[in-house]
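Note that chain A is present in both complexes that follow, paired respectively with chain B and with chain C.
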Partner chain A sequence: MNIQDNYQKNRKNIFFSENKDIETHRENLINIFENDRFDKKNNESLKNINLKNFIDFKYKYLIPEETSVINNNHENSYSIVSVNGQCSTFKDDKIEITKILDEDYNDFSKNNIIEKNDHFVNLNSLFLNSGFKIVIKRNNNIKIKISNIVTDDDLTIFQKNNIICQEGSSLSLIEEYENKNNSTSNILNVIKLEKHSQLNHFLIQDNSSNHNLIITSHSSCKKDSTYTQKVYNFSEGYVRNFHYSELIETNSEANLQGIFFLKDNNTSNNKTFVKHSAEDCKSNQVYKGILNDRSKATYFSNTHVDQVAQKTEGYQLSKGILLSDNASYFSKPELKIYADDVKCSHGSTIGPIDENAIFYLRSRGMSKIAATKILISSFINEELSSIDNEQMSEIIQKKLVRYLSKVK
Partner chain B sequence: MFLEIKDLSVKIENKSILNGLNLNINKGEVHAIMGPNGCGKSTLANVLAGKEDYEILNGKINFKDNDLFDLNIEERAQEGMFLAFQYPVEIPGVNITPFLHSAINSKRKRMNEEEIDNLSFAKLLKSKASDLGINIDMLKRSVNTGFSGGEKKRYEILQMSILNPDLAILDETDSGLDIDALKIVTDGVNKLKTKDNSFLIITHYQKLLDYIKPDYVHVMVNGSIVKSGGSEIAAEIEKDGFQKFQ
Partner chain C sequence: MNSETLDTLSTYSKNKYKYGFITDIDNEKPKKGLNENTIKFISLKKNEPEWMLDWRLKAFSKWKKMKEPKWANLSFPEIDYQDIYYYSAPKGFEKKPKDLSEVDPKLIETYNKLGIPLEEQKVLAGVAVDVVFDSVSVATTYKGELEKLGIIFCSIGEAIQKHPDLIKKYLGSVIPPGDHSFSALNSAVFTDGSFVYIPEGVKCPMELSTYFRINAENTGQFERTLIIADKGSYVSYLEGCTAPKRDDNQLHAANVELIALEDAEIKYSTVQNWYPGDEDGKGGIYNFVTKRGLCAGKNSKISWTQVETGSAITWKYPSCILKGDNSIGEFYSVAITNNFQQADTGTKMTHIGKNTKSKIISKGISLGKSQNTYRGEVSFLRKADKARNYTQCDSLLVGNQCGAHTVPYIDSKNNTAVIEHEASTSKINEDQLYYCRQRGLSHEEAVSLIVNGFCKQVLQELPMEFAVEAQKLVSISLEGSVG
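Entry: the complex of A and B
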């Protein structure tokens, strides 16, 4: 079914379909699809995927029967179960969780940073059927864990979340994606950090091979705020992690880190884009991948420094280990600098595991497989040892052990 | 015979490196191999340790009644062979202490000996490190990472003293060491020497042999041993160089 028919058929179940402005925006998007007006050349969102599979899809969405749970299990700590992209509303003196509104949609459609030539983002806007908004109130220090559950096979979740950290607030957010059903989750997170706020955002992805996960996120940081994103992708299904970050006021910071563990025929596409729009801001992007069998990955990293963004520090690094001759990792770091007083660097290293290191370890009595596993662990040791959340650290270690057990 | 190398010929990427090399080492003996750059000394060390980049064209090596070519790299180490590397590999993220603990236990396992527990290993490591003048803080670091040239060589000898091999091959351990470090390293080697283990020392210079007295000195040229004898050969090389042997 083409996009137009698919949309019209399911229109009544899609958020904000009665809003005229939003409908106009969506008609434009449908036009792009119908007239195949995507720029396919150098389009980062099209690498390693069969676009047809994602455009000719059967729309299916179920409103969750059970009310999703928000549990204030102890002071300043919340557990949220998001079911099919929705969770119930909640309010106390520290946080507020609500449904997303038309204005949130408009807020996104006016966003100039997220790539407009990204068909996954456009599909998200067209078929939006879920999402929520979390506000962390001023000067509160909060921990939230969100378990993202998809209940049935063949569901197509198009979800948009807004996360707002008000002035002086601090949020540690763990998001878990562990789904075993044959579904697709297309999620857009729009994150706003007000002055002096902080967000440590961990994403653990561990879906089965028939579950597609597409996450696009955008963070904007005001004065003295810091956004840190750490993504751990152990999924056996397709995963796309694209993150756009904007440092809009002075002394703000974005730290983006991702590690992916691929095997079999799995594919992971990754992108980070950081826009320095103010003075004295810092960004650091580190992505590492371990690829076995016939797996494939891409990583596009871009740091853009505006003319006004003097005293910028912007660093990018990507590294990959290929455990098989049939695995591939395409990495493209880019810097665009229009200011003259900056410290920026980028680097990318991809290759097989260091045979000299294997020989050294084996010459001390360690088996080849043990040496390989120890070198994989050491490759990501710095990132794993920097996790200051004990619960997260344990979860990641267990998943790493499981991944290593399949390395032969 | 502890180690017996017969008519060994080896090539790498179509280039012959070892050409019909013969060498016999008995238990308790210290042998030194001296030779000019590129004569095949390090290749011999790597082939003995099992490095897989080389093509064995001919010959046989017996080590402790085993056909060495039947053993893979780790089995050779577990059987008691140890190579102190000329250029020890830096491995960031692999901590020295658990790595060495795992190495010693893999050897013990093969020998059907009881594995050494954490506490006993920590004591052993501390004592051996102290003998070699190695700061305890260094043991918290990653293998060879950020070490100076001297520290790397000292750390190789620490590994050797922990693993207590039957045959230790020291590949230019003296290179990059100042005189004080050389003394500490060679003292460490001398302390390890017993009637039951053997050493094969590869070096360019006589200086190392002033501290570790070899029973035999061999001159290697173009991948073969061209002369064998006692310490007097080392003195001869120091005086006249390798030219006369080529």
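Entry: the complex of A and C
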């Protein structure tokens, strides 16, 4: 079934289908699909993907029977269970959780840094069927944990979340994706940081091999705000992590980090994009990948510095370890710089585990497997030891041990 | 940016292109435009055998179905292929002159103005020169000495006549005519260029050199160069370019193919200083070059060195296919862009064989309102065990209206291959400037010194014959603007 028919057939289940502006926007999106023909060669976002699964899909969505829970277990600490992308409304003097509204959709459709031919984002806008909005009120320091649950098989979830950190607020957000059913989640997070705010965003992805996760985020930072994102991908199914960040006012900072652990036939596509549109901003993009068996990964990173963005510091680093003959890794670290007073750099390495290091450990009586495992742990140790949340670091250690147990 | 830099920038922007002059020589041209008749005309003029004409026509039919590659970070008006002359030869060159005295004295004068008099080169430098003026080879020197060693160094037109076996075997083997639209175009209408064959075990005793020069208005220059180094041989080839000042954009789409067999080494150096357009971005050469080397045999080596200072548009990716085991590919590049120049240049290293190594050093300097892009691809295929790559690309920005971009593609399919890539972008270090100024250097001298240091890693790779010229070019390019 083509996308247009699919859309028309399921229109009544899709958010905002009665809004005229949104409808025109969606018609444009359908035109993009019709004209583009999914030319894999000229569209880097489609590399290594089995397109058929995502374009010829069967639309199915269930409104969750049991509305999700919001728990205020400690002061300033909340845990949210989002079921099929939906979440019940909640309000106190610190945070506010509501459904997403027409205006949020329109707001996002005006963004200009996500490529027009990023089909997954377009599919998300077209088939939108869930999502919520979290507002952190002024000068609050909050911790939130969100568990994302998909209830049934064959669901196609198109979710759009808005997260707004008001002036002076600070948020530590942990999102967990651990699903075992045969479904597809296409999630778009739109994050806004106002003056002096701060967001530490952790994403733990650990789905089974038949669950596909497509996650895109777009963050914009105002004066003196900091956005830090850490992605840990242990999934056995396909995961796409595309994260865009815009530094729109001075002295803001964006850190996009990620580690992925791949094995078997798994594929993962990753992209980070930082756009510097103001002076004195900083950015860091660091991705590390470990690839075993026949796994494949791509990583595109991009730093764009506008002409006005003097005194920019932008760094990129990409590192990959290939553990097997059949694994492959593609990286494209890009710099686009239009201002002269900048410090920007990127580094990229791909290779096996250092043989000399293995030799050193073996000469001290370690088996080859033990040596390999130690070296993999040390490869990502810097990222793991920088996690200041104890609970988080425990969870990740456990998952790492599980991954290492399969390494031979 | 301080006012001093602004001052020097504006003085520079008034400097005129030093080599901008035109020699009036009657040209013999076919009608404008590209069609089968044009190709037949070229083929007839060059007195080519029929298989060559067929080859051209095949390439032409492929070209008709193709579109220009669009991925480069360049913007320029659509090229009207029907508004270009595809062949121009100075009159009376149907029969080649036997020595320099038979050559049009005006031609000789042109070269004198460029500072490379043929006579002097012949006697002093000991370089054999195969000069391309417009499209016909004018004079070839030192041929005798090379012939003694069995080295073939002639124009490609002559090679088609005299060495059809080699041409049939190797022409288009590295760059297939259907590779992309510029290679197809070149294959269809190429007029001249050089052909080099180094026989087994011969080390070419001198640097082979060709001076390309575009003259006649609206004449696209389509050279085709083919260099074959047989087993165990060595050759160093120099290519240099400067063009007279013109207002109309001139199209240039050259193809260069290198083939290194077992244990052979080819070193290919280019200094490119074509007319870059004036300070308003008017005119200048469009340079779409395909250069590709094939390390076909074991232990072979191909090394590209380029200094790019000219052209309104540079679209150039000298690349290496490392097919033989233990083969080595190298790429050293300095690209300087000023005013409205746009350069999108880099390399492509494809590792196929075991233990193959490649090294990429690229330095980009952007001034004025120019855009300078490094675009490179390094790929390790499945069987490239223990392959190794090191890439370094640095960019320097002078002024706040220019842009520097780095777009590397890195692809590894082998878990024993190691790849390292690093890049940085910055402006001239204030501390270094301060240090130099403190020791009595003027602002200009200081910047020149720092920029020369920035490029040194690449310039020192050039052969002696070129090193002097290249250093001059770098300082000319910076003159008035920074140093």
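Heads up, the rule we're going with is that the second predicted complex is superposed on the first by the 400 of 408 C-alpha atoms of A that agree within 3 Å, B and C clash if a C-alpha of one lies under 4 Å from a C-alpha of the other, contacts with A are read in each partner's own complex, and residues count from 1 in each chain.
Just so it is clear, contacts are C-beta pairs under 8 Å (C-beta built on N, C-alpha and C of every residue); 3 or more make two chains touch, one makes a residue touch a chain.
Please read these numbers as outputs of a predicted model, since none were measured by experiment.
Trainee: Fit or clash for chain B plus chain C once both are placed on chain A?
Mentor: fit
Trainee: Quick one: is A:Leu62 in contact with chain B, with chain C, with both, or with neither? Answer first, second, both or neither.
Mentor: It touches nothing on chain B or chain C.
Trainee: Name the contact category of A:Leu51: first (chain B only), second (chain C only), both, or neither.
Mentor: So A:Leu51 meets neither chain B nor chain C here.
Trainee: On chain A, which partner touches more residues: chain B or chain C?
Mentor: Ranking chain B and chain C by residues of chain A touched puts C first.
Trainee: So, does A:Met366 touch the first partner chain B, the second partner chain C, both, or neither?
Mentor: It touches chain B, and chain C stays clear.
Trainee: Hey, in the superposed model, what angle do you get at chain A between chain B and chain C, Cα centres, nearest 10 degrees?
Mentor: For this superposition the angle at chain A equals 70 degrees.
Trainee: Contacts for A:Val407 in the overlay, against chain B (first) and chain C (second): which applies, first, second, both or neither?
Mentor: A:Val407: touches no partner chain.
Trainee: If we overlay the two complexes on their shared chain A, which of chain B and chain C does A:Leu375 touch? Say first, second, both or neither.
Mentor: After superposing on A, A:Leu375 lies in contact with chain B but is clear of chain C.
Trainee: Minimum C-alpha distance between chain B and chain C after superposition, to be given in whole Å.
Mentor: 11
Trainee: After overlaying the two complexes on chain A, where does the chain B footprint on chain A coincide with the chain C footprint?
Mentor: none
Trainee: Spell out the part of chain B that touches chain A in their complex, as residue ranges.
Mentor: Its residues touching chain A are 49-52, 72-74, 76-78, 82-83, 85, 88-89, 91-94, 99-100, 102-104, 106-107, 110, 142-143, 159, 163.
Trainee: Quick check on the complex: what are the chain A residues that touch chain B?
Mentor: Residue positions touching the partner: 354, 356-357, 359-368, 370, 374-375, 377-382.
Trainee: Which part of chain C faces chain A closely enough to touch in the complex?
Mentor: Of all residues in chain C, those touching chain A are 1, 71, 382, 395, 397-427.
Trainee: Which of the residues in chain A end up touching chain C in this complex?
Mentor: Spelled out, the residues of chain A in touch with chain C are 42, 307, 310, 320, 322-352.
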